[in-house]
Structure formats: C-alpha cells, structure tokens
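Shared chain: chain A. Partners: chain B in the first complex, chain C in the second.
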Partner chain A sequence: MILSLSHVAFAFGDFRVLDDVSLDVPPKEIVGLIGPNGAGKSTLFAVTSGFEKPLAGTIMLDGRDITHDGPVARARAGLGRTFQVPREFRHLTVRENLLAAAPNQTGENLLPLFLSPRRVREEERALREKVADLIAFLNLTAVKDTPSGSLSGGQKKLLELGRVLMGDPKVILLDEPFAGVNPVLIDSLVDRIRELNAQGYSFLVIEHNLRALSDLCSTMHVMDRGAMIASGAPSAVLDDPKVQEAYMGGVL
Partner chain B sequence: MDFALFANLAFNGLIEGAVIALPAVALTLVFGVMGFPNASTGDVMTAGAYAAQTGQIAMAGSIVAGVIVGSVASALLALVFYLCVFRFFQGRPSMYALVASIGLAFATRSTLTFFLGYDQRVFPIPLTRAFSFGPLRIVPSDLYILATSVGAIVLVFLLLYVTPLGRRMRAVADNPDLARSCGISSHRVLSAMWLIAGAVTGLGGILFGIKTVITPLMGWEALLPAFAAMILGGIGNPAGAIAGALTIGIAQELSTPFVGFTYKIGVGFAIMVLALVLRPSGLFNLSARVR
Partner chain C sequence: MTAYLIAMAIVALIYMLLTIGLNLQYGYTGLANFGHVGSFAIGAYITALITTNGGFAYVSLPASVLGAALVAWPVALLSKRLRTDYFAIATLAASETLRLAIIEEDWITNGVHGITSIPNMSVALGLDVDPNILILTLLIAANLLAVALITRMVKSPFGRTIEAIRDDEDAVRALGKEPATFKVKVFVIGAGLAGLAGAFYAHYFSYISPEQFLPLITFYVWMAMILGGTGSILGAVAGSLVLVLFLEGSRFVRDILPGVTEVEMASVRLFVVGMALVLLTLLRPQGLMGDFRKR
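Up next is the complex of A and B:
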C-alpha cells in the first residue's frame, strides 16, 4: 500500500470526530472518500497530513510509519495535499507559487546561495523548465504571471494540483477538487487527474460530486459521523442502503 | 528663508531618510513575516554602530572593515534574538513578542552601557570639505552614506524577489500553514530572514553613527521614525517603507525652520498619525510586498 491508515481516532475535546477509521490507498489507484457534511473527511486529511495528531492508530506512507512526523516531514516524505477551500501564496504569481513548492533547492539557504551561485542558477533553470511544462499541462499559461490571489476558483484548484505535483508526491490527497468549479473545468480537471494516474500517481479524493468521483475512482469509502460505514466498488457502495440512509436519509 | 535653504534641508532630509529606510525595511520584513513590531530593532542599530566603531579601530582604521564587522555582529545578534526568544512566540498573540522585544531592547542597551559607558563616540574618519552643486552644499560622506544605503536596499530586494530563498521567505510570509504542507521548513527560512534584517538594521545604525555620533540612545531614538516609516508605507511592504522613510526624513528637515530642531521628530509622528487616520493600510500600498 502506498498509504495506509489503520484504526485512526481523533477528537476535538470530548467530541469524537474519527473513530477507528481504516483506509488503504493501493499504488497507482484512485480511491474515493465520500460522506455527508461533518462526517470527518477533512479531519481525516488533517490527521493524515500531520496538521492534527491522532489519539490512536498508525499512518504508513509507502511502508514507513509517519504517525509521529510533523507536516513538513510528511510533505517531504511524499505526501501531497490540497485544501477544501483552495489555498495559495496569494501575493506570489502562479509561476512563483509552483517554484516555491519545489523541494531541496540549493538556493533556499543563505550560504549556498552566495557560495555556489552557478549550481543555484543551473537548478533554477531546470526548475523553471519543469514549471513551464506544468503550467502548460494545467492550462494556466494565460495567467502564469498573475498574482495567484486573483485567480478564479477553478484556476486555484488547478494551481493547487500543480503545487502538489512540484513536491514529487507518492500519494496525492485531493479535498473536494470539483467544488465550486464550472462543469467545463471539471472535465479538464478529471482529464488531468486521469492522465497523472496513468503516469503512476496514486490519489485519495474527497468529493461530493458523486458522478464525477465514481467515474474516476476504483474503490470508494463512505464515512458517516466519524466512522467508516462502507467500502468497495463505486456502484456497489452507492447502492448500499446504509450509504443511502446516511447520505440522503434513504432517498438516493 | 530662501530656495537654497530649503533645497539643502531637503537634501539633508533625503540622506536621513535613506538611513532610516534601513531599519524601516528590517521592521517591515519582520512584521510582515512574524507579525509583530520588533522594538529591539533600534538597539540592534546601536549595537551595530558600536561594533563597527570598535572593529574599525581594531582594523587599522578601515571604515569598510568596520562596516562589515558591525553588520555581521548585528546580523548575529538578531539571529540570536530569534533563536532564543522570538521563535517561541510564533502562533501566539503578537503582544507577547512585542513585550519581549522591548525587554531585549533594554537588555541590549544596558549591556552596551555597562561595558562601554555613556560617552559619545565618533567614527574616526577624515573630515572632508563640502562642495557646491548648484544651490546645494554637499559633504562627500553624505554621498557615501546614500550610496551604501541604496546598495544595501538593492541587495535586499534582489534577495527577496530574484532568489529561491526570497521566494520561500515571501511564501512563508504569505501563508505559513500552506508553506508547511509544501515541505518548506519555516525555521530555516526565518533564520535567514533574521540574519538579513539584523545586517540591514546594523548598517542603518552604522550610517546613522557616521552621519552624527554614536550614543547608547541613538537606536532607540531612530526606532520611532523607522516605525512611522513602516506604517506610512503599509506594514509588510519594503518598497513602501523606503518611500515612507524618505517622506518622513525630508518632511522633518523641511519643518525645522518652522518648528525648530528639537521638535522635528514630532513632525514625523504627525505624518504617521495622519496616515493612520486617513489611510490605515499605508500611503504606499504597492503590489510589491512581502505580505
């Protein structure tokens, strides 16, 4: 498994938000995670990416226990994530956002910046090429020098995907990638995710757009009130009466 | 009161503004990234000036060596302040860091006066004759001060806007949580930021000492106009802080025929209060900013 959560529990004070949640993301697969609002999906992402500490359970990334690592170490270990409300370095341009997200830059330290300027310049050139390719891949060429704070919601989702890709992730966690995105851009986002999956990237995707998600993923998990209530192939999961009960009060 | 007088006052104000611009840039960098007004900035200036003067005498009177010694010393002092104190106040109310920075300011000043006394000191540089340029009477050392300040500011801007390090500093300033989820170690980036802010602050103190004299209170007194310049320029905006410093420097000098030398510092404050009332986000809210 590329990402494996087992028996994860988490609480805000006395309020149990996650209760014995287990979930696996196999290599090169897209795994979906659905559930009504307040089910604990985004909290599961926060615990997985290291922003919240679990009360119990273990989190393994590519065979390595990362349960006790902080967010910086997890990101460096290959865990990339996006946010439900897209986040960006809003005063930086689209290009600068992507450049800033690249790991292991020699020029990010004061001394090497002055002591090995040639190496910094060569890395920078390679990095700029990579970023230019990524910007073309994400159809963001027209806004590449725009401060990212002024992008549309859909463009910000694309930029988030790009920022995560810059970190060479082993697994990518997408938190509602299609929310607030117009239908044309959703198709484009789905295409990008499929293409990346074909290249070997693994995904765990939270999404309320069930049609787009069930097209995309091979396995779907359903959470309700902090617990995992169903897992399996998308069509089987969506037909499960328990899931329909949790999601729509029985009418799906 | 004729044109020549005002032209000379304005030129002198420009030089003073260029000196104040250095601590103002340091203040705005720290405020933009760490979120608190660093009151120890003034006394790091003083420490830089004393270190430079001591270094200059030790290095056979070379002012260039003195400037390097002073800037490095103040850079290290600022880094120590970050590592030992300010680091622990991140994510807490900014009042904690502000109070701690006032404490560090007093501690720095007391340490300096304990070892060096209260006497005024001067940089042992040869006096040069002023030359005329139109209505202006210009002392060559003022031109060196101006050139050094401009050079330092250009260097800071190149660091911030051209290098990978600067990009990461601006990223951390922009959204620290997102920076962490990108694997950016804010600790390393912030250490570099404090070194840069400290060096620039110390250089400001050195230039101030060359222009006037070195006293234990010089930095504390310079802190107030630097603070006004930062606010005038919009917090977290280095270009704005420079514009604010020049505005305040020139306005203070031009006001001396009317309010007298003693009260010119009040003019800087009047401008800051007006700016806070009329445009709290700063007069020079340009697009180029760290935050």
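Up next is the complex of A and C:
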C-alpha cells in the first residue's frame, strides 16, 4: 500500500470526530472518499497529513510509519495534499506559487544565494521551464502572471494541484477538487488527474460531485459521523442502503 | 541650515536602517515585531560600552550588529510557537524587559543616568575628519549596502518562500518546508540591522539612556514602513524620509499651538504622524512606494 490508515481516532476536545477509521490507497490507484458534510473527511486529511495528531491508530506511507511525524516531515516523505478551502499564496502570482512549491532550492539558503549565484541562477532557469510546462498542463497560461488571490475558485483548485505536483509526491490527497469549479473545467481536471494517474501517481479524493468521482476512482469509501460505513466499487457503494440513508435520500 | 539638513539626514538614515529591517521581518515575512527598539538599544549600548572603554568602532560596529542578532535569536524561536498577535505582544514585552534590565543593571549600564561622552565617529575610527560628514557618509554606505543585500534576498527563491510564509504558513508546511527556519533567519537579520542603527545613534548623539528606547521608537518605525509601503524596500527608504519630515515638521506646530509643554508636544507629534498615516491609508492604501498587487 502506498498509504495505509489503520484504526485512526481523533477528537476536537471532547468531540469525537474520527472513530476507528481504516483506509488503504494501493499504488497507482485513485480512491474516492465521500460522506455528508461534517462526516470528518477533511479532518481525516488533517490527521493523515500531520496537521492534527490522532488519539489512536497508525498511518503508514509506502511502508514507513509516519504516525509521529509532523506535516513538514510527511510532505518530505512524499505525501502531498490540497485544502478544501484553497490556500494559495495570494500575493504571489500563479508562476511564483508554483516556483515556491519546488522542494530543496539552493537559492532558499542564504549562503549559496550570495556565494554561488551562478548555481542559483541555473537552477532557477531549469525550474522556470518545469513550471512553464506545468502551467500549460493545468491550462493556467492566461493567468500565469496574475496574483493568485484574484483567481476564480476553480483556478485556485488547479493551482493547488500544481503546487502539490511540484513536490513529486508518492500519494496526493485532494479535498473537494471540483467544488466551485465550472463544469467545463471539471472535465479537464478529471482528464488531468487521469493522466497523472497513468503516469503513476496515486490519489485519495474527497468529492461531493459523485458523477465525476465515480468516473475516476476504482474504490470508494463512505464516511458518516466519523466512521467508515461502506467501502467497495463505486456503483456498489452508491447502491448500499446504509449510504443512501446517510445522505437521507437527498443527493443520491 | 546645512548643519540642520545634515542632522535631519542622519536621523532619517538611522530610521532607514531600522525600517529596512522591519520591512524584511513584517513586510515580507509577516513577523509582527513590536520590539524592534530592543535590538536598536542593544546596538547602542554595545557601542557605548566598547567605545567609552577605549575600544574602536572597527570592533564596536560589528559587535553591535552581532550582539543585537544574537539576543534576537531566542526571541525568534518564539515565532515557532506563537501566532502573529501573540508574537507581537511577546516582542513588545521582550523590548520592555530589556529596557528595565538596562535600568536595573546600573553597574554596567549606569541605569537611568545613561552613558555619556560616547566618542563621535571620527574619534571612534581614529580619523581626522568632520564627524558629522563621516557618520553621514558611513550611514549612506550602510543603507546602500543594506538595500542591495536585502533586495538580493527578497528577489530570490529565499524571498519567494518568505512571502509564501507571510501569505499562508500551513500551506508552506504542506509543501515540506519548515517556516520557522526562514523566520528565525529573517528576524535575526532584521535585528542585526537595528543593532547597526543603534551603533550609529550612540556615536551621533554621544549620550544614551533607557528613556530613549521606549516602544514609541518601534511605532515610529512601523509608521515609516506603512507610509512607504509594506513589502517594498524602496518604500522603507521613502517612508523613513517622510517620517522624519513629519517628526521635524511637527516641531513647527509649536508656533501655532503656544502654551504646549514639552511633554504634550510628544503627543502632538505622534498625533500629527498618526493623522498623516490615516490620510495616506485612505488615499494610497499600498503606501508611497507599495505595489498595488500587494495588500
């Protein structure tokens, strides 16, 4: 398994948000995670990426126990994530956001910045080429020099995906990547995720757009009130009466 | 008249070093430092103590920079744990604690009486030239160097990352970069610049005492930064010039307001600068030199 959560529990104070949650992301697969609002999906991402500490359970990334690592160490170990509410660097342009996301830049250290300016310059040139390709891949060319704070919601989602890709992670967690994205853009985003998956990236995707998600993923998990209530192939999961009940017959 | 202009320029250039440092800390990195005057005081006292005991400025200038940077280091570590607002309070408390320590530890600092007869720049460097022209020249050189170094820093991958930290620390963490590493460096460098400013201040005024290092100085530097434009190095240059113009200009308010005591005058000056700040925020929210795409 590229990512494996076992028996994870978490609470905000006395308020139990995650209860014995287990979930696996096999290599090169796209796994879906759905559930009504407040089910604890985003909290599960926070615990998985190290922003919150679990009360119990273990988290393994590519065979390594990362349960006790902080968010920085987990990201360095190859765990990439986006946020439900986009967290773009709003004063930086799209291009600068992506450049800033590149790991281990020589020019981020002050001594080499002043002592080996040539090396910094060359690295920066290579990085700019990589970023230009990524901007084209994400269809953000028209806004590449726009401060990211003034992008549309959908463009911010694309930008966050781009930032994660700069780190070349082993697994990517996407929190509602299609929320607020216009339908045309959703199709292109779905294509992009498929392409990346074909290149070998694994994904865990939270999404309310069940049509787009069931198209994408091979396995789907359903959470309700902090617990996993169903797992399996998307069609089977969506037909499950427990799942229908959790959504109270509404969305499905 | 020339002497008056030189005096004003010297004060403006001292504020400029302070403002460039604060702008690196707050304007670029989002570190709300409300204790900047503390680093300024450390620089001034180190210079005063070394040069009144026979040391030369060749030693005291670097010692002031390093001393201020060194003392700032543990304070910078606080930024790992504290949110922006708490960090602001912690730095303010640190600078006031330092001022009280300077008052208390009078065996070394001479307490409230301060340190007198600090040699001027010419004596301290052993050069036979006009001390005011010398300090003016050195201040211009120091500011040019600071502008060049800090500009190189902010227009580099390092600068991109500190701006990202200012915009969203957790997003930086999610990318596998530790914001604290960058914040500590930035805070220490800003403090070093303030320490250098303090060294010049001590040589220029030849007398320093704890009451010259009140939080008011920190607030003046904030005003200069906001006037010029947060997140702009040239803004720091313009802002400190404008600040000193206002501070000096407000002296003449005294002619319009007869019967105002010296103590009340301090409040009047603060009021004048404050009003200018309010007007500017209304008319030009990005500051004099600020870039519109940034705040």
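To be clear about the criterion, the second predicted complex is superposed on the first by the 248 of 252 C-alpha atoms of A that agree within 3 Å, B and C clash if a C-alpha of one lies under 4 Å from a C-alpha of the other, contacts with A are read in each partner's own complex, and residues count from 1 in each chain.
Everything that follows uses one rule, which is that a contact is a pair of C-beta atoms (placed from the backbone, for glycine too) under 8 Å apart; a residue touches a chain by one contact, two chains touch by 3 or more.
Just so we're clear, the structure is a prediction, and the values are computed from it rather than from any experiment.
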(request) Based on the superposed arrangement around chain A, label chain B with chain C as either clash or fit. (result) clash
(request) Identify the partner contact of A:101: answer first if only chain B is touched, second if only chain C is, both if each is, neither if none is. (result) both
(message) Touch test for A:198: chain B only (first), chain C only (second), both, or neither?
(response) neither
(request) Would you check which partner chain A:167 touches, where first means chain B only, second means chain C only, and both and neither mean what they say? (result) both
(request) With the two complexes superposed on chain A, say which partner A:71 touches: chain B (first), chain C (second), both, or neither. (result) both
(message) Considering only the contact definition stated at the top, list the common interface residues of chain A for chain B and chain C.
(response) 49, 51, 70-72, 75-76, 81, 83, 87-92, 96-97, 99-101, 103, 105-110, 113, 120, 124, 147, 163, 166-167
(message) Can you tell me which positions in chain A touch chain B when the two form their complex?
(response) 49, 51, 70-72, 75-76, 81, 83, 87-92, 96-97, 99-101, 103, 105-110, 113, 120, 123-124, 147, 163, 166-167
(request) Could you pull out which chain C residues touch chain A in their complex? (result) 152-153, 156-158, 160-161, 163-164, 166-168, 170-178, 182, 185, 231, 293-295
(message) So in the complex, the part of chain A that touches chain C is made up of which residues?
(response) 49, 51, 70-72, 75-76, 80-81, 83, 87-92, 96-97, 99-101, 103, 105-110, 113-114, 120, 124, 147, 163-164, 166-167
(message) Quick check: in the complex, which residue numbers of chain B touch chain A?
(response) 163-165, 167-168, 170-171, 174-175, 177-185, 188-189, 192, 195-196, 287, 289-291
